[in-house]
Amino acid sequence: MSILFGMHKHIFQIKEKIIELIFSFCGLFSLLITVGIIGIIFWETTLFFKEVSLFEFMLSTQWTPLFSIKHFGVLPLITGTLLVAGIAMIIAMPTGVLMAIFMNEYANAKIRRVVKPVLEILAGIPTIVYGYFALLSVTPFLQKVIPSLSGFNAISPGIVMGIMILPMVVSLSDDAFGAVPKEMKLAAYALGSSRFQVAFKIILPAAMSGVIAAFILAISRAIGETMLVAIAAGMKPAFTLNPLVPIQTITSYIVQISLGDTPVGTLAYRSIFAVASVLFIITFIFNVIAQKLRHSLKY
Amino acid sequence: MEKYIFEIKNLNIYYHDFQAVKSVSVAIPPHVITAIIGPSGCGKSSFLRSMNRMNDLIPNSRLTGEILFHGVDIYDPLISEVSLRRRVGMVFQKPNPFPFSIFDNVAYGLKIQNIKDKAMIAERVEESLKRAFLWDEVKDRLKKPALELSGGQQQRLCIARALAVYPDTLLLDEPCSSLDPLATAKIEELLQKLKKEVNIIIVTHNLQQAKRISEYVGFFNSGELVDFGPTKEIFERSEQSMVGRYIQGIFG
Amino acid sequence: MFFLAALKKYNLQTNGPNTVFLILVMLFFCFAIAMLFMLLASIFYDGFLRINWQFLTQFPSRNPQMAGILSSWVGSLYLMILTGIIAVPLGVGAAIYFEKYAKKNWFNHLMEINIGTLAGVPSIIYGLLGLALFVRIMSLDRSLIAGALTLALLILPIIIISSREAIRNVPSFMQDGALALGATRSQVIKTIIIPLSFPGILTGIILALSRAIGETAPLIAIGALTYIAFLPENILSPFTALPIQIFNWISRPQALFHQNAAAGIIVLISITLLLNMSAVFLRDYFDRKNNK
């Protein structure tokens, strides 16, 4: 009977299976990327730590891998990275959150329709453009105000980075505020609260996890930024929190070595992987936390 | 000719832990309109969907029992559900034409069977639209988007689309519930004509509709098939029976 | 006050804290806009006059006034094409897999988080991956293909995420309709899902490529040279790209090179803005069309 109906499976199955395999391969490929990154970075890092002690790496405050007397303390690179990122966050976070509150609670649809695409387009400006601006416009300007400011410093890229990550903070915070249930807001208004009260006493606390996620993702972005600091912050590692002197970040160190002639297999070559591990671990952890926070936004 | 197109034996359908259909056994005769009625959420749609294996698509759904289609167990691992669906068509509650032209909608079923003969496709499209009582209204605009049609027209389009592959049976899940009485009447009329060629099983909320158009009716309640038989008999049963009470609108 | 009148016009409350807040927002907003404006203005001012046919069609040179961006923009163009060829099928394929084939178990949930995290990994780390894998292990050296592969890995998570979003937006009743007519899964994908999600996928691809075209760090990491005075002959040739050339010019102390850099930036921003605007425009257009 079934033969008469021709309902047998094989004919379809083989072709479908092949297609499914092709798609599965594409899907698994993404896993391979992560494996690749982790594998390669940590491979070279292990080789690095065969010659350099972990203690020196984590505790020494001198980073001089290219000098004749080599020191491999990563702290200066970390302080450099955090200094620039910190300045950027001071600018971007309050501005971004306030702007997001404005867009959500105060602005009408017309304003939103204009601002949103503008922010998106701004987010698309390549970072090297900001680098140019920081080095050749902001620093000279600041030097008029602060005469002791050196040509490479942390404050100039810090400020510009703040502007650079602003669209991201606004957009992520906007998501967080948008996820607050309307009923909550309506209830507060019905009780006679002003917009300000609703925004700050009701919505902001309710959206806090989303705002924190925005904060984490923004820092992660700031820490990982390369070109802006490579151009404007300098290439001199310094264990300092002074924003007026040249510093070096993890990312600009990697650029410095890559631009040079460092042969493969040398300690200096491996050192870029070692610092990249630090960078990767920090941003990876931040991103996972932020993702989990944003995921819980949806419920 | 066989006695029954579908023979369902001891069918149980579970979604995760919830049992939607309980121990249903019934035989559906050919060339009639069989109506399935009952209160909302009583398992009618699940029952219907199991007959073309559309239930397979619902995650966490399980099924025990046997469904024989022309004597063949459609849940046999060797049976292709894709082939089954080309013989057992379905029309949904809310019309769901594809965002293509009217012509391409009806021709879709043929396209996925790799039928390339343009003349034959055009012929089949015209024939199906005629059977669905839609041809006169759209014959001048076959290339226009299907979404421009009214609700009733879209539903007839979905029927035409299902008919184009010459199915043996057509399953309809409350096809008129989103339509006005005029559109509903048209569809009931075309179903009456169709039943000579295509077996029809229709789930409906509308008791009058079931009474009007069906030869056999099955009454579902809480997942169980409480009664099944010729329409006249079921509707004339005693008032105290559950069916009678439902029919009188006392519950459901 | 004029300001308060403006606020009233937009129906914004004007009591105490509200006003303070709004003034603060205005200040911050103006600061940000001012910075942006200064950025664009200064670059424009520095570089606009430098752009001419000669600039666009000459190779770089030691002499800043004779230098041009020919090898850079051609390199960037080739790079984009190659990157697209590699990343788009893989990315869309992966999105289709995750949305249409993968079961909802913990493994696939992990993959979803994995892709989200990959999207946030700093671009220079992709550069290091490219350096170790493509340049060294696969011995592709600092070639066009090595650069394209590296950038493809970088934008792959972005394409996957945006494609998944687009695919998810295809209504399930449409897919059910196709399946009920006896379509196989791959047929539903080919005839329903891809056509309907195409606008969203396309937008995502354009945005991803526009991001890739401005990336400097990964290319520096794989060792792309900055002084290339020829056009790449095949995918194994050395190459340069617009952002790299710009970076090189910024790094020089002479002001004339800075002018070149500014001019190059104007070209780069124009391309990026064009791509971004067309993506936004496309998305808007299809949104409106579907909501008709």
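Letters are used for the chains, namely A, B and C, taken in the order the chains are written, and counting of residues starts over at 1 for each.
Keep this in mind: a residue touches a chain if its C-beta (ideal position, glycine included) is under 8 Å from a C-beta of that chain, and two chains touch if they have at least 3 such contacts.
What you see is a predicted model, and the numbers here were worked out from it, not measured in a lab.
Trainee: Among all chains, which one's averaged Cα position is nearest the averaged Cα position of every protein chain shown?
Mentor: Taking the mean of all protein C-alpha atoms as reference, the closest chain is C.
Trainee: Of all the other chains, whose mean CA position lies farthest from chain A?
Mentor: Comparing chain centres, B lies farthest from chain A.
Trainee: Quick one: report the Å distance separating chain A from chain C, using the average Cα coordinate of each chain.
Mentor: Going by mean C-alpha positions, chain A sits 16 Å from chain C.
Trainee: Where the CA atoms of chain B average out and where those of chain C average out, how many Å apart are those spots?
Mentor: The answer is 49 Å.
Trainee: Between chain A and chain B, what is the gap in Å from one C-alpha centre to the other?
Mentor: Roughly 54 Å separates the two chain centres.
Trainee: Among the residues of chain C, which are close enough to touch at least two other chains?
Mentor: Those would be 184.
Trainee: Can you tell me which residues of chain B touch two or more of the remaining chains?
Mentor: 82-84 - these are the residues of chain B that touch more than one other chain.
Trainee: Show the residues in chain A shared as contacts by 2 or more other chains, in ascending order.
Mentor: Residues 12.
Trainee: Which residues of chain C touch chain B in their complex?
Mentor: Touching chain B from chain C are residues 104, 173-174, 176-184, 187, 191-192, 196.
Trainee: Would you tell me which residues of chain C are touching chain A in their complex?
Mentor: Touching chain A from chain C are residues 10-13, 15, 17-18, 21-22, 24-25, 28-29, 31-32, 35-36, 38-39, 42-43, 46, 89-94, 96-98, 100-102, 111, 113-118, 120-129, 131-133, 136, 153, 156-157, 160, 184-186, 207, 210-211, 213-217, 220-221, 223, 243, 246-247, 250-251, 258, 261-262, 265, 268-269, 272-273, 275-277, 280.
Trainee: Which part of chain A faces chain C closely enough to touch in the complex?
Mentor: The contact residues of chain A facing chain C are 12, 15-16, 19-20, 22-27, 29-31, 33-34, 36-37, 40-41, 44, 94-95, 98-99, 101-102, 106, 108, 117, 120-122, 124-133, 135-137, 159-160, 163, 166, 194-197, 199, 217, 220-221, 223-227, 230-231, 251, 254-255, 258-259, 264, 272-273, 276, 279-280, 283-284, 286-288, 290-292.
Trainee: Note which residues of chain B are touching chain C in the complex, please.
Mentor: Within the complex, chain B touches chain C at residues 52, 54, 57, 59, 82-86, 89-90, 92, 94, 96-99, 108-109, 111-113, 158, 161-162, 165.
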